[in-house]
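Both complexes below contain chain A, partnered by chain B and then by chain C.
Our next item is the complex of A and B:
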């Protein structure tokens, strides 16, 4: 225990003294928080749309006006005759709505009238969003104009739970917390470990009788303390800016944060004991840690969409469990009953990573 | 695990074998019987890296309180041996027993100073010490005691808050030794602890080692400085992974079966050439050492006659010819030459022809150079003038500002004030034409560890713009000079330190620079390779290159045409080696003491201790088996004699001698530091 504390206090002294790591520990997370928190918006807004109205009736004009009034679409000026060639192909618009000359006549005659919608399908996700919005808008328009011949037998009454205003930051920011706290604590830990190897000071540790577990726990403890600071800082700042607050029992998040940080630091140390120098360690954390936490954690892309062999990997990504916890704490508020397994699985991961790292350096000797 | 640290807190140094106070300076052997006095036992040790055998079956035993030296050329397997002894590397085969345990289990009883600085440079002295103490579970109170004791012993107590990175090289090594001592190890492993350390600090370091050994700490030390190896109780000469010879320095010298003649002459280079090429049964070997030639002869009388004859034949003046015992340096060089492992000299393939420039032109010029880093003035009012074809030595203790000066002169660091002209250019020193005429070998290795030797050389020949058709030839020359034929594709990082230096030197001269900056080129290089280095340096100077060199080997510095001594950023003395020696005040006295009836195991050390009680410690320096004492007044000789006799030391010789550069260095640096 004494040796663990000696290791820990030495790490903290080094950390305090190195301005670069201090910056790495606090400035980069803030930058990431701002970039991700403000820049990532999944809701499709300001979709450029052109309309070719051959009908020019009151009805068709009211259709177009109300389409733009959803604030989702942005009218663009275009000249020409072919909306595909002159609009979509030239990148002026993402979608085109073409209203046939018979539009109002057919509606008044009680016939089904056709509005053609052309969508740029390059961005698959966006195309689907455009398709659904135009579909939904048209349905609303039909209802409003009382154009339905017969009322439907089934009418869905939709209510949004947890985030009734569909405030998007409520979805993104808790996820950003998970990504930031997955990357930066592990980066610091990986740097601390690989620096000893790069500078040869690891030989002194090998030459003392410190065990692999003591070394990992000592370094881990120091960076755990730093990581707690980072967590309070990033969560506090994020909650202030985006006005998030706990909506339920905060204990799952508090306990989950502790095990989550532990798992990430162990991940960083694992990278550190494998890497021979600091630049390898940084690359290791940046590629493995960053990619996994960003793509396979459910931060942006729903986990259920990830196909079979890859979906197994998601189980090993700590950020995945933590994002469940943050979203629960700040959005859903269901408490322990909803997320009881996440802290347990995180603890298991931390233990697993610790043991792999320990195995790698268990001999505490030079290789060769 | 903590028993060695906590249960024996009474005796400040060697707790498990308490030594009676009155016997401290006397017998080194513990009075308490120990089951065995063997602290370290190595038997048939082998280490292979893949197919390369680094250590091939070595055996030795080291006794308690002994200073055991491991000497050998670069790449002999010394560092590998240390790694195994320190328990940080597994042996392929063989046995290492430390105090009856495998080395790995005995780690808490071992203090290990690795070749790289083993300190955390971003931690303060105190933090470094406290960390090691924590790792090795030293009790807080005992730690305070030891911390005070060792910091005082190393004269570091004033700096306890300073960051380790801000210490000079010598102080760093002393701090590293402190760290190793905090857990009171019974065995100290020191892998080239004084490489890159200035002569003054080296002597202080060895005085500390002697004090520790006299208290019962066992020391195993590797060193490229053979004058230091003379201070060991026993020495093992190692090369090619095997121990060739083992014994006390005196035994090694006796086994050589040769006598040494010290030849002083005004023309060392010609004399060496003549003596080396003379076919003679008596003259075995000739080595330049500082300002003299060491001629090894089988018979002193016949040898003397022969030398005199040869000098007369060639009209050389012979200012002095004396016979003496061979030194360890002689043993080392002769033995390695017998093995055929002396690096060969290859003529540099010159494309531009010699004597490119008139020798009286100034190549490097600096006037009133200043450099400040914040509040700290690293270089103060330095003036330098170096002509083409001249070798200029910049000497000074660690941290005196030599490297900063070099960096400013070659335009890597802007000067805070002063004028610089380099190769006739002023102002912009970073133009590519100018840079092409300059070679720079920095203190730290400039090679890429993760490239092969060949790739490094190809890279540098490309960077320096060596014409494509000449590259092959130049690269071949570097590889041949370094003795690395067939190993071109080895990763540079796997080379031993001394060999990297050779490759780095080759890389810096491939483009035939007009001006060459060499910052400690021979640091950590073995004595034979150093001789080759200087042959090359002289060869470049003869061909018109202006060379600025720094070194901590003062006997090498004799080969400079001119030199200046820097202390705390200022030039304190400048001139040719003979001018500098002549400028020394006072008188130097050489004292040789021999063991008396009290059977002093190391009479020279004892004599030094006695004299230092009454004189400033820099005035007494140990040079191998003799003492050099700097006195102000020749009449003080009698006082020195009576003091030694009062301590029951037998003086076998005491006489005034001329200053060597090393004596001059110690005296200049110390006198300048004493002045406020």
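Our next item is the complex of A and C:
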């Protein structure tokens, strides 16, 4: 125990002296928080839209007016005759609506008149959103103009839970917490461990009576303290800016945070032990950490969308469980009954990583 | 022939040969240019999937008639929804939505069939878990559309007055990897070019061989050019590798001109090399260089539209991202691959990239030269 604390205080002293790393330890997370929190949005607002109205009737004009009045679409200036070639292909507009000359005549004659919608499919997600919203708008328009004699027979009464205004920040920001706290604490831990290797001071530790477990726990404890600081800082800042608050029992998140940080620091130490120098360690953490916690954690798109062999890997990504916890604490609010398994699995992962790192150090101690 | 002889005998050539052999001997560098890009393309392409399919649907069917079962099968017909649970307890259904076990819950009232038979409107209740705002929005849209369509069968004599006929251009099947992969090619090229060029300069600084190079009669521009050209060729190789992964594994269409694409990729490689050199001249050690490259590459990538579309960002970030060379390359990449755009459409982006390349390379070579002399 004494040796662990000594290791820890030595590490903290070293960390405090290194100004650059100290600054990076807090500036990088904040920068990431701002960029991810503000800029990652999936649904486009103000979709550029071209309308070609060949009908010029009152009905078609009110259709167009009401379409723009949904505040989802933005009219664009364009010149030419072909909305595909002159508008969408040039990227001027994301979609085009073409109203045929027979539009109002057909409606009055009781025939179905077809409005043609052309959508730029490059952005798959928004193409789907555009298609849905123009279709939904048309249905509303039909009802508002009393164009249909009989109203719809089945009325769906849809309620959106937890996030009725569908604010994307409520989904993205709790996820950002998970990504940031997965990457930066492990980065610092990896740097510290690989520095000992690069400078050769690790040989002195090998020669001393410090055991592998004591070395890991000592270093881990030091960076755990730093990581708690980072966590409070990032969560506090994020909650203030995006006005998030606990909606349920905060204890699952508190306990989850502790085990999550432990798992990440063990991961960082593991990479640091394996890497031959600091730049390899940083690149290892950055590549593996970013890929896993950004792409395989359910941060952007639902986890269930990840196809089979990759979906197995998601079970080993700590950020995945932590994001479950943050979303529950800030949005869903089910508390222990909903997320009891996440802290347990995180603890299991932390223990696993600790043991792997310990084995590797022990093997090196013996051979060296 | 004479020109060729002069090239072979020039100091530039000798230095280039030295760079190439150094690069080829550096297994880590080659590894860095082959392995991470392939893995990144594969994981990004497969894992970043915005498809809204097989949403978990919970059912509380109090009516339990052929009519209500028909409605349920209409919802599950095109695989948007998938029945995960059926319960006769509304509370339990709500609890499942609350815990996120199901994405949507449908409650069909007991008098559903009776109301419809007696020509009265029937109300069904739908609960959607909106923690994931994007998926919830799309699920909401599908839900009302399907129910709307289903209820049309009760009034067969009434034709809908207006119908929209949507045509999705460029990617009619809405294959998500066609959106992600062309963007990730830009991301991979950006990381590759900046990291490798930083490493090439910083290594000489770290080992002190830069001073030795300075002692030779080679001029500064010769040293720099000899560093740029081999890197440039390597990076084009990386692009071709990435393009092969895109076309052969993800079946992304290549509708534009491949030489035009390589030209743009070359332009972006120059931008990336410029960024890398700049980092290398500013930073003293490799560790500093790598940490600062975080600072540069993170915003470059996140604000490029490779992962989340630029159009969805707040206005401020949309304007800000115009100063991001990677954003222009991502636009070009998608334009050439998916839309088959040529220079007539992409000239603004091309000019922007050219500007970035010139400015970055001038600044970094100037800094490098002052450090050399």
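Basically, the second predicted complex is superposed on the first by the 361 of 368 C-alpha atoms of A that agree within 3 Å, B and C clash if a C-alpha of one lies under 4 Å from a C-alpha of the other, contacts with A are read in each partner's own complex, and residues count from 1 in each chain.
Going forward, a contact is a pair of C-beta atoms (placed from the backbone, for glycine too) under 8 Å apart; a residue touches a chain by one contact, two chains touch by 3 or more.
Please read these numbers as outputs of a predicted model, since none were measured by experiment.
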Contacts of A:232 with chain B and chain C, given as first, second, both or neither: neither
Which superposed partner A:203 touches (first chain B, second chain C, both, neither): first
Which of chain B and chain C A:5 touches, first, second, both or neither: first
First, second, both or neither for A:18, with chain B first and chain C second: first
Which partner, chain B or chain C, touches more chain A residues: C
Which of chain B and chain C A:348 touches, first, second, both or neither: neither
Contacting residues of chain A [partner chain C, same complex]: 20-21, 24, 28, 31-32, 35-36, 38-47, 63, 84, 88-91, 94, 106-107, 110-129, 131-136, 138-139, 141-142, 147-164, 166-168, 170-171, 191, 278-280, 282-283, 286-287, 291, 295-296, 300-302, 304-307, 310, 327, 331-332, 334, 337-338
Residue ranges of chain B touching chain A (in the complex, touch as defined): 1, 49, 83, 86-90, 104, 107-108, 110, 112, 114, 116-120, 122-123, 127, 130-137, 163, 179, 183
List of chain A residues in touch with chain B within their complex: 2-3, 5-7, 9-10, 13-14, 17-18, 199-201, 203-210, 363-366, 368
Chain C - residues contacting chain A, complex: 28, 36, 39-40, 43-44, 46-54, 56, 71, 97-100, 116, 121-138, 140-145, 147-148, 150-152, 154-155, 158-172, 174-176, 178-179, 195, 286-288, 290-291, 294-295, 298-299, 302-303, 307-309, 311-314, 317, 331, 334-335, 338-339, 341, 345
